[in-house]
Amino acid sequence: MRPMRRIRVTVWNEFLHERQDPRIAEIYPDGMHSVIASYLRSQGFETRTATLSEPEHGLTQDVLSNTDVLVWWGHMAHDRVDDGVVERVYRRIVNEGMGLIALHSAHLSKVFRRLMGTPCNVKWREAGERERIWVVGGGHPIAEGLGDYFEIEHEEMYGEPFEIPQPDELVFISWFKGGEVFRSGCCFHRGLGKVFYFRPGHETYPTYYDSNVLRVIGNAVKWCAPVERPRPVHGNVKPLEPL
Amino acid sequence: MRPMRRIRVTVWNEFLHERQDPRIAEIYPDGMHSVIASYLRSQGFETRTATLSEPEHGLTQDVLSNTDVLVWWGHMAHDRVDDGVVERVYRRIVNEGMGLIALHSAHLSKVFRRLMGTPCNVKWREAGERERIWVVGGGHPIAEGLGDYFEIEHEEMYGEPFEIPQPDELVFISWFKGGEVFRSGCCFHRGLGKVFYFRPGHETYPTYYDSNVLRVIGNAVKWCAPVERPRPVHGNVKPLEPL
Amino acid sequence: MRPMRRIRVTVWNEFLHERQDPRIAEIYPDGMHSVIASYLRSQGFETRTATLSEPEHGLTQDVLSNTDVLVWWGHMAHDRVDDGVVERVYRRIVNEGMGLIALHSAHLSKVFRRLMGTPCNVKWREAGERERIWVVGGGHPIAEGLGDYFEIEHEEMYGEPFEIPQPDELVFISWFKGGEVFRSGCCFHRGLGKVFYFRPGHETYPTYYDSNVLRVIGNAVKWCAPVERPRPVHGNVKPLEPL
Amino acid sequence: MRPMRRIRVTVWNEFLHERQDPRIAEIYPDGMHSVIASYLRSQGFETRTATLSEPEHGLTQDVLSNTDVLVWWGHMAHDRVDDGVVERVYRRIVNEGMGLIALHSAHLSKVFRRLMGTPCNVKWREAGERERIWVVGGGHPIAEGLGDYFEIEHEEMYGEPFEIPQPDELVFISWFKGGEVFRSGCCFHRGLGKVFYFRPGHETYPTYYDSNVLRVIGNAVKWCAPVERPRPVHGNVKPLEPL
């Protein structure tokens, strides 16, 4: 087989909670993005990071053009993400096939909502309860290496109805101790791009040190990576056959 | 609008547990099929019943030809269902559009497994635990009249991975107190026919007296009802355009 | 069965081509919306019309609140549709379950693109060529009454790749004489609402007098009609079980 | 990234047409399987072949246990494939994740029909007409390297309705000169296994020398390859949480 080109990942984080709340800083002193990026590097992905406070949020056209998969964590500052940057990210996904992994509260990020076409609201509860993530995706590559389920001891709860289109491929369903369920691993195709939503990752818990969570993110990077194809032709075309 | 023709339903039950176990007979003295049929009649459906011990299991060609939607409950006697009858039911679904509602342990019935193309195994536990059925199907007609969820106080547990193809439309996901989840309301299209799998209904609990459960079965009858179309043409055909 | 409440339909048309081009006016002297509305009335639907030039494009909150299914035809004036009206239509669909039938060039309408989350571009050609619409949806209610295919003698061509998410249910695929194919009958679920895209209907051809085309629109109205359900609860919730 | 283990492919062919018809023997002197296998080897896959006339059709348990992806071509001898071998292949797919690529007339093979749960009939015509295969799968890995479409100058026609469940992912739609369309690249998940149906490949044309056709088969091998996961636990289980 052809040697696969190294996949280039950019991990984006608004990086505010970790700098504003000492308890969160204790868990993620360099930000959640650093922990995720560190894992992805260890798996051989060419990985960089970007954050809200950088110029253009660190997502210049040049950075995006050299990103195969964008990992996104945002929560309290969705509205502070510049619309021009959102447009740029959106186009890079739909028109050029960049993958997007939307983590946890990124369900309300501008770009994810735009890609879904729905408001993407959820039920939620911050009670540090147990989440058990069941694999329903059979032989889906994002489930590689996982058993029937894995557990996260303390997490924020997200509950149904999750206001998204039916996923093209549903990989995980979460059980929560407080009584709810959630479609927590969801695949979507949008234009040439692929999008994976993955639920876990509240900022007050050490979720992104969990080996199963990291493994899923790594698997998703591979699934999301662009496929080399010319951009489709749209617009007025001549007939291919005699009329 | 044209007045809708009355939908003709046949409720099939192996009707063994209710006759062999006095505790079950106490809950369903005339069988689960009678309770379900009684509700469907009250909703205006033309409803009859059929059981395993009748000649041809009560599913003669004539009965099937006059059935729009077949409701199926089976458990301990899947293997005693005649293959010829299974074939007849299968053809009536795929070739002529009869709907099938497979209830609870019917996940292992011959006809459901054949329609799925998978073994349809589940995890299970008889502990009378709480089941909370969440609606993820938004505006799906099978969810008509339901809130975000409904509960069944005591039920057998079925857990993932449920060995089925990804449903064409996923309407319900169950939460179980013991820690599992389950895709408990699943729509499938097969040829001209539509199939709905609905999880609840263990014989030792009065599940089929529950108003939400009954409502779902009634909604599903409407969703499953055949669409009037000529049977497709297959085989060798002439060109429709000059070659 | 409960008598079904009459479904209330609003047929919206930008109604510009028919007033600006005499050849089109000859085909549709009162606009395409009038022809479609007339058919829907004949099928028993409570039907009104609305057009771009009316105040608020005829889509006041009151009109929308009393519309179960909105049929939309637009082409040259997508950009002149007020964003506030688009928002209102969008909310009525996603939050309250109003159905949307997007016809032909409505693939580029603001509300359809927003619901899809993709740019929705197509290939196209105005050559009056033959379109043959194949039914791949088996027992789907939108195919009721149709054979394996139907033909439209003269139509504009739309060709793949149609930049939409994979439809939840694909009902029709078009064959075009000039060599292209198109997914021409596509179902989508968005929040509580259901959306049907139906390809045919270029303004220069008498497509909306075609009995098969009208039948499909009528079938789609029934499929799109809202399901009575309370609006979902989102936001912060208390546990349903002890933590 | 971890170096990927070489994917092990077995190309199965009934290998009858090529030995019985001199005109076909001229095109494929060593059988279609040899041509396909030769290409797959050139792409770095560990590839072997197997044919109907070998003991156990060349698909012993040992061969299957060492096969990651099985490519299947059959036509005139579907009924001569031993049921025990079919069962073995089926289990290896569903229970252990082996991939299956069903080519052309394999739509009527025992194992494909069993996996689908439907009869899988088609319209057909042997007229050597032009087939144009359109890519509707956006960024799907099976479309890697393809433009908007590719053509096969002479092929047998297969036409809709193709009696299969709605594919989990629809990658290709074919246009035929004689007026039909066909869903010609279809992905299905079955248990731990993945199945790809690919339409082209009538024995009387040199289709399996076509570079686009070969590329698709190679892409599909990668998509179909098993994911390393423990086999799911089914049956009676203990609660994971206090009841």
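Note that the chains take the letters A, B, C and D in the order they are written out, and that residue 1 is the start of every chain.
In the analysis below, a residue touches a chain if its C-beta (ideal position, glycine included) is under 8 Å from a C-beta of that chain, and two chains touch if they have at least 3 such contacts.
Treat the numbers as computed from the prediction; the structure is a model and nothing was measured.
J.: Which chain has its C-alpha centre farthest away from the C-alpha centre of chain B?
T.: A
J.: Tell me which has more C-beta contacts between its two chains, B-D or B-C.
T.: Between B-C and B-D, contacts are more numerous in B-D.
J.: I'd like to verify one number: the distance from the centre of chain C to the centre of chain D, where each centre is the average of its C-alpha atoms, in whole angstrom.
T.: So the centre of chain C lies 37 Å away from the centre of chain D.
J.: Could you give the separation in Å between the centres of chain B and chain C, each centre being the mean of its C-alpha atoms?
T.: Roughly 32 Å separates the two chain centres.
J.: Where does chain B touch two or more other chains at once, residue-wise?
T.: Within chain B, residues 132, 135, 138, 148, 159, 161, 166, 168-169, 177, 179-180, 189-191, 232-233, 240-241 contact more than one other chain.
J.: Can you check the complex and tell me which residues of chain B touch chain D?
T.: That would be residues 94-95, 114-119, 121-125, 127, 129, 157, 159, 161, 163, 165-166, 168, 177-180, 188-191, 232-241, 243 of chain B.
J.: Show which residues of chain D lie in contact with chain A when the two form their complex.
T.: Spelled out, the residues of chain D in touch with chain A are 1-2, 4, 6-7, 43-45, 97, 132, 135, 137-141, 143-148, 168-169, 177, 189-194, 222, 226-230, 232-233, 240-241.
J.: Where on chain D does chain C make contact in their complex?
T.: The touching residues are 132, 134-136, 138, 148-149, 159-162, 166, 169-170, 173-176, 179-181, 183.
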